[in-house]
């Protein structure tokens, strides 16, 4: 039985040159930036990666190139969430063939499945998975949660290896940790970076935090301080994470502001292009100027 | 400039033999059942058709077979709603090549686009469409509405030909009708069958009603009575529609009960199989027995 | 067994001189304006009347003065909705003593009661009522609905005399009508004025429509046309109602825009003052100027 | 300038003999139980105290008796949240006269005020307050939040002394802490007990936790361990709090299960009666037996 994944596993943005063209050089730079920053793994095709907005062709290309560039240095997790069971299975098989190490699935996000329907869905899906699978709880975008009862039943599924929780509900997260204690190989990871400090202080395994795209070292250090139970240092680094999030994610007025801010920042850092897939568009110049100014304040560019 | 579509245009269930296999004979029987019932068009790959749950391969096969079987007798509308712009365009092109007459798109349903983002999305999408496009308002499943302002701006887009509204919000619907009066070729259609009578009495063009899969004649007659302003007859037929919906859609406890009920009913009528795509499963025997009993009471089977 | 209430029963705004002072002369003028306009009853202390925002002292004064001024010419309905059962009973007793004819209650709006809790609540409440009671369905503000099952059980409560539905959900409304057919004395009334035409065309008894404060004759005529099944005239008057609502309720940007618009309009018509109880404030001059302009366009002032 | 309140301040249940009769002896025992358990203050008429469900007469009696019994040993906070501004002011004045030390107000919970309306509401309300006022953020029941911008503006209001946050949103809570650093006398307290450990570890001042009614010592010790940055001990006690919440709050199926569980538990502990105000009813015997069993497992009764 393997060790649980732990640490910071950034949800990579997908560098794009246009709607359906990967920014391949940008992707390579991003991967090196993150591995160089000490991250414990890479998660592609999640929410921050605009997974559902990309064509299947581009998703497969992204999987291939990420696995090739990573070359086994850290685990590669692939988001296979889809409204079509068949397409999820197709992506999982492609991921395994390409050399990914884990798949990650949120509930299908068009029809909201009721708890017994979801239970059956996960059972059926995990049976088809060629790789260990994370449950990805993201009710804000998928409408439904993985209920604690479902997670408890998943303890009996060898193919499930943990949960990523992006619900922002720390009561739920604490219950997850209690449940997961019964599977020594399970990993419980938190999504929003503002919550990683407390998640790790109170027993979680790490964070899948979007801001780590911009400054992986900060997030890795915060994780390490929390894992070492160094509360004073954790609070200092948590304050820095709050500052990054509070300044970079509040430029746009819509919910898309977080991903737009990260992509715009990466472009300003010279790492990759900031084109976005519909229904979003990258920031125009006024917002870009604000992001630039804030990156300067954060000491990320001069 | 063409006439607006009007009348009953059923949103076809997708007859399945298993998760990824079309029930081809069932599809042919269903199409003949509906055209024989007097419907004004066929709408495939909508919500009732479990569009987002199907693989792309199967969606293309369904488009091809439906167009071939219909053979131009009535318009064929194809749902191309997708979280990926590129995949929507791919489906639209395939639809045009296969001989469909219209495409139908709801908002992308993973990321909720804010109004200005949605405006840009629709402008960009319609520019790529090879067929006239309906806007499909379905906030219960896509999280966001097409705001009236956006619909008003769409008046200037020759590629948009109307709106299908499944919001259940008749105030919104009445505003749509006001707006649509400025485009003689626009059609405003209502989703929930319980609302078709009043929609047509007060100026709408018809209904895209799931129950018409089971009993197309009833819905067509109700539409005709309402269009002829025969209020007495409209009320009688509306009461029958309420009875069908109230008995067939209330067997299951979850939101999936409507589609499950229709598919189960069609199977009992001998029209097609009732297999469903994940995350749903067809009714088991106890629910099936209840549907049978209710179809008997409705006079649809003996 | 009495006849069901039918027709237009406006939900009166509460004319205020300041936070806790009634505009008594304005109230008298408003009552005469409405009775003169042909309304079938008066409903005070509803949502439009800012009932929950008023002190109990002022609510009692309003009940007393309204009953005195009305002097039995039309029924007076009093909203007794409260989060405290005891205060609801107190208000109902005061209403009966003052000469009101009906009470109206929505679910308690702080704690959302689950269906069995609500069932018990209504049973207990109706047992204490000295007057016939309407159920007031208003889930947008009270969080929970009166489920159809509860309404069906209320058929056995002689103290319940009907339902006012402000859910904007016409499917629910049609189910209410079906249920209510079993009680010849029950009245099913609709809240939003945009829906009164179809509600009456398809079997409802009338409307409790805020806009009738401004132009009672228009709403009464629309009701009469619909009740007489004169579809052509109903459509004309419905279009006028849509125009009034679309112009007067869209000046402010918040949900309070409807009540603010009506009160401001009444002030411009010279009927009563437009002070509002917290958490709302009356429109300032720019919005007031817009309302004035729109009232001119509607032909309500010159 | 005073010190900020800190520590555990339980939101007292309201001991009732029936709908409108206080269990006076129970209230005295409850107060002694809590002060004996080391709490830093008492909060009456909050959500756990069923404040909005009680008559005004009973609320005043509760304020009087609580202040008298407490006799200045700890601060007494009184919930004055109301849909009527005037009634909130009345309750605040009564509280000051009776000897309470603070008032606590959530947004008015019938009409959802938009941010600028809320800003004006709080400014107007605080101007009338005879005691320092806490903002009580409880969007689950009041529909709207106190936005961070509003809290920032409240820094300039000397009459505001802090925030109680029951949103369950720890990102919001961390932002509150950042804002509150600018007012040395402000206290930021968290509602849900499952979140008190992390709230205090990362800079919060304490918790207003319902479970402290049952076992005040546990919550006080958890607070003290967290305030002392003893992470090991905090985690042990947090696990015990999770266990209490997970066992006592999950007996009923509805949202009322938390308050019902606490009241039932207090009755089994011999502290006070468990009658509830409508729309809730106390647990019947089967649920009571489950609560008894769970209290035994928790070691609270033998």
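Letters A, B, C and D mark the chains as written, and numbering starts fresh at 1 in each.
Here is the rule we go by: a contact is a pair of C-beta atoms (placed from the backbone, for glycine too) under 8 Å apart; a residue touches a chain by one contact, two chains touch by 3 or more.
The chain list, named the UniProt way, goes like this: A, B, C, D = 4-hydroxy-tetrahydrodipicolinate synthase.
Computed from a predicted model, the values in this text were never measured in an experiment.
> Among all the other chains, which ones are in touch with both chain A and chain B?
Chains that touch both chain A and chain B, as defined above, do not exist here.
> Taking all residue numbers at the chain A to chain D contact, is the shared part over half or under half, that is, same or different?
same
> Can you tell me which pair among C-D, A-D or B-C shares over half of its residue-numbered contact pairs with A-B?
Residue-number overlap above half with A-B among C-D, A-D or B-C: C-D.
> Calculate how many whole Å lie between the centre of chain C and the centre of chain D, each centre taken as the average of the chain's C-alpha atoms.
One centre to the other, that is 35 Å.
> In whole angstrom, how far does the Cα centroid of chain A sit from the Cα centroid of chain C?
Taking the mean C-alpha position of each chain, the two centres sit 50 Å apart.
> I need the residues of chain C touching at least two other chains; which ones are they?
Not one residue of chain C touches more than one other chain, so the list is empty.
> In the complex, go through chain C and note every residue touching chain B.
Those residues of chain C that touch chain B are 168-171, 174-175, 178, 192, 194-195, 197-198, 201-203, 229, 231-232, 235, 238-239, 242, 246.
> Chain B touches which residues of chain A in the complex?
Those residues of chain A that touch chain B are 19-20, 50, 52-56, 58, 83-87, 90, 107-114, 117-118, 120-121, 124-125, 141, 143, 253-256, 277-281.
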